[in-house]
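Take a look at the following structure, please.
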């Protein structure tokens, strides 16, 4: 298959399928993330960049038999390696006997949050998550500097709504109706993450998806009026600052870094407050980085359209 | 010992090798990125399937259930997915810049261009600067 | 009963997948992807009941949402990408 | 009462699966895009509604019911709109329905 568009669409299906598989393997939070990130944002970014690089792959004449050989040998070695692994679904595998029982048994007393994934993510392993948020932040900065554009010219600004979307009136009306619900749902996912699947990462991505929907249907200029570049940059940094700030606040109040017990008189209440703030920081950073990424790619395509 | 109980690892290995093959055998950079993400998903499957316990349920506390799957791999993979999209976006941005600089996203064409006009590139890199210095001296 | 429904949905998804792979035009693929997405939403809802924990319907909502957005994205970006190469896909 | 509700929901689930299957068969077997979108989207709407209402009856008056309701509304709204947008985009890109061709001859 040489049409990259079709390939990206099949990759989107693959993401949906793998998310269903995660759901079947009891990883609801992971399924949530994979559905919104892998199937949603990843496909969107791929499509936007296909618009820039063209959608046809050049045909190749030779057969890469050497590559096939390497792959088969590596695969055979890996399968040989699996013979020593614990069986699928067995409860006495080494993974289940290290720290996991502690998380499962004492999370409810120590943290007081029903969703154990959230409590591990934001509290037990909060330091890891801070690192991940910084990685997302850095990637946002990287894309910003790679796809830097010069000042916007005047004639582009006149073009408010994309031409092909002006025709789709029904689509635009329905999308306008749905937009508040999507943003509301994102907030629900954000603050319900303690009790069900969800949390800052997923909520940020869903919020960004709502904004991206608006951008696609009503044009970049309209979306830029609400989400100005300066505000987005500020928000990207603010999220990381909130996360790290909670950690520093814990230190100032006499605990360790990101040790939420000291935030309130009751340790469980402190944990609740800490997780809420930290997830908020994660959500803000992820949402603004995703929106920025999409804006950067779309902006390039608009520029291409007018210069070429 | 029942070997068939290991089928989850075989699926992971198969997916991983498909991703690996796409990365090394295809010249198109977008296809390479997709292969990379398939490889990535294979690793996610490995972690998540290790965390599954037969008869367990999702690790969200509820009175009706006693046995939960292991939450630790879920946490690791959740963050890994978000970091994965961040790196994919960075890769796509690089591909876009490569397309602008070389006019192609096929790896062999890029290499061919690099080989043929290496000298020109050097001239281009040094030429204007020398001119500028020369002008300054005058 | 849930098992019967979920098997039927899986069959539907497989058929949609064949259509998505076979094409022949890009719009057929988009249609198949859309159909696949809506069936996944239903499958997740049914599997929740099958597994005895139907609380996780948030995921199905996200699927429906993402499916809609990605269909719009494909339509939006495809029209422009079509402009560059005027050759119609056969 | 319980049995009646269960029976109704089973009938709805089964008929929903049937409609989805017919839709998929149409998607696979029909000759061109416009007939395929017809088969897929119309049977889809009915099938999805049947399955979701059947699940709602199983759930009873809980939060699950409300969430299923949201999914139903969303899929009715988004599914139809997406089908409309697809058909319109295809028509605008110059794709002609096959049956017009045969009638013209």
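Observations
Letters are used for the chains, namely A, B, C and D, taken in the order the chains are written, and counting of residues starts over at 1 for each.
Assume contacts are C-beta pairs under 8 Å (C-beta built on N, C-alpha and C of every residue); 3 or more make two chains touch, one makes a residue touch a chain.
All figures in this text were calculated on a predicted structure; none of them were measured in a lab.
Identification of common neighbours of chain A and chain D yields C.
Chain centres were defined as the mean of their Cα atoms; on that basis the chain farthest from chain C turns out to be B. No other two chains have as many C-beta pairs in contact as A-B.
A separation of 20 Å divides the Cα centre of chain A from that of chain C.
The distance from the centre of chain C to the centre of chain D, with each centre set as the mean of the Cα atoms, comes to 12 Å.
The mean-CA centres of chain A and chain B are about 15 angstrom from one another, to the nearest whole unit.
Note on chain placement: the centre of chain B and the centre of chain D lie 36 Å apart, centres being C-alpha means.
Residue positions 57-58, 60, 62 of chain B each touch two or more of the other chains. Looking at chain A, one finds that residues 28, 50, 54, 164, 171, 175, 178, 196-197 touch two or more other chains. Looking at chain D, one finds that residues 74, 78, 81, 85, 89 touch two or more other chains. Interchain contacts (touch definition given at top) occur between A-B, A-C, A-D, B-C, C-D. Of all the residues in chain D, the ones that touch chain C in their complex are 9-10, 13-14, 16-18, 20-21, 23-25, 27-28, 33, 36-37, 40, 44, 47-48, 51-52, 54-55, 58-59, 63-64, 67-68, 70-71, 74-75, 78-79, 81-83, 85-86, 89-90, 93-95. The residues of chain A lying in touch with chain B in their complex are 4, 7-8, 11, 14-15, 18, 21-22, 25-30, 33-34, 37-38, 41-42, 45-46, 49-50, 52-54, 57-58, 60, 64, 67-68, 70-72, 74-75, 78-79, 82-83, 85-91, 93, 95-96, 99-100, 103-104, 107-108, 114-117, 120-121, 125, 128-129, 132, 135-136, 138-140, 142-143, 146-147, 195-197, 201, 205, 286, 289, 293, 296-297, 300. For chain B in complex with chain A, the residues that touch the partner chain are 2-3, 5-10, 13-14, 16-17, 20-21, 24-25, 27-28, 30-31, 33-34, 37-38, 41, 44-45, 48-54, 56-62, 67-75, 77-79, 81-90, 92-97, 99, 105-106, 109. For chain A in complex with chain C, the residues that touch the partner chain are 3, 5-6, 9-10, 12-13, 16-17, 19-20, 23-24, 28, 31-32, 35-36, 39-40, 43-44, 47-48, 50-51, 54-56, 162, 164-165, 171, 175, 178, 182, 185, 189, 192, 196-198, 202, 206, 209, 212-213, 216-217, 301, 305. Those residues of chain C whose C-beta lies close enough to touch chain B in the complex are 51-53, 55-56.
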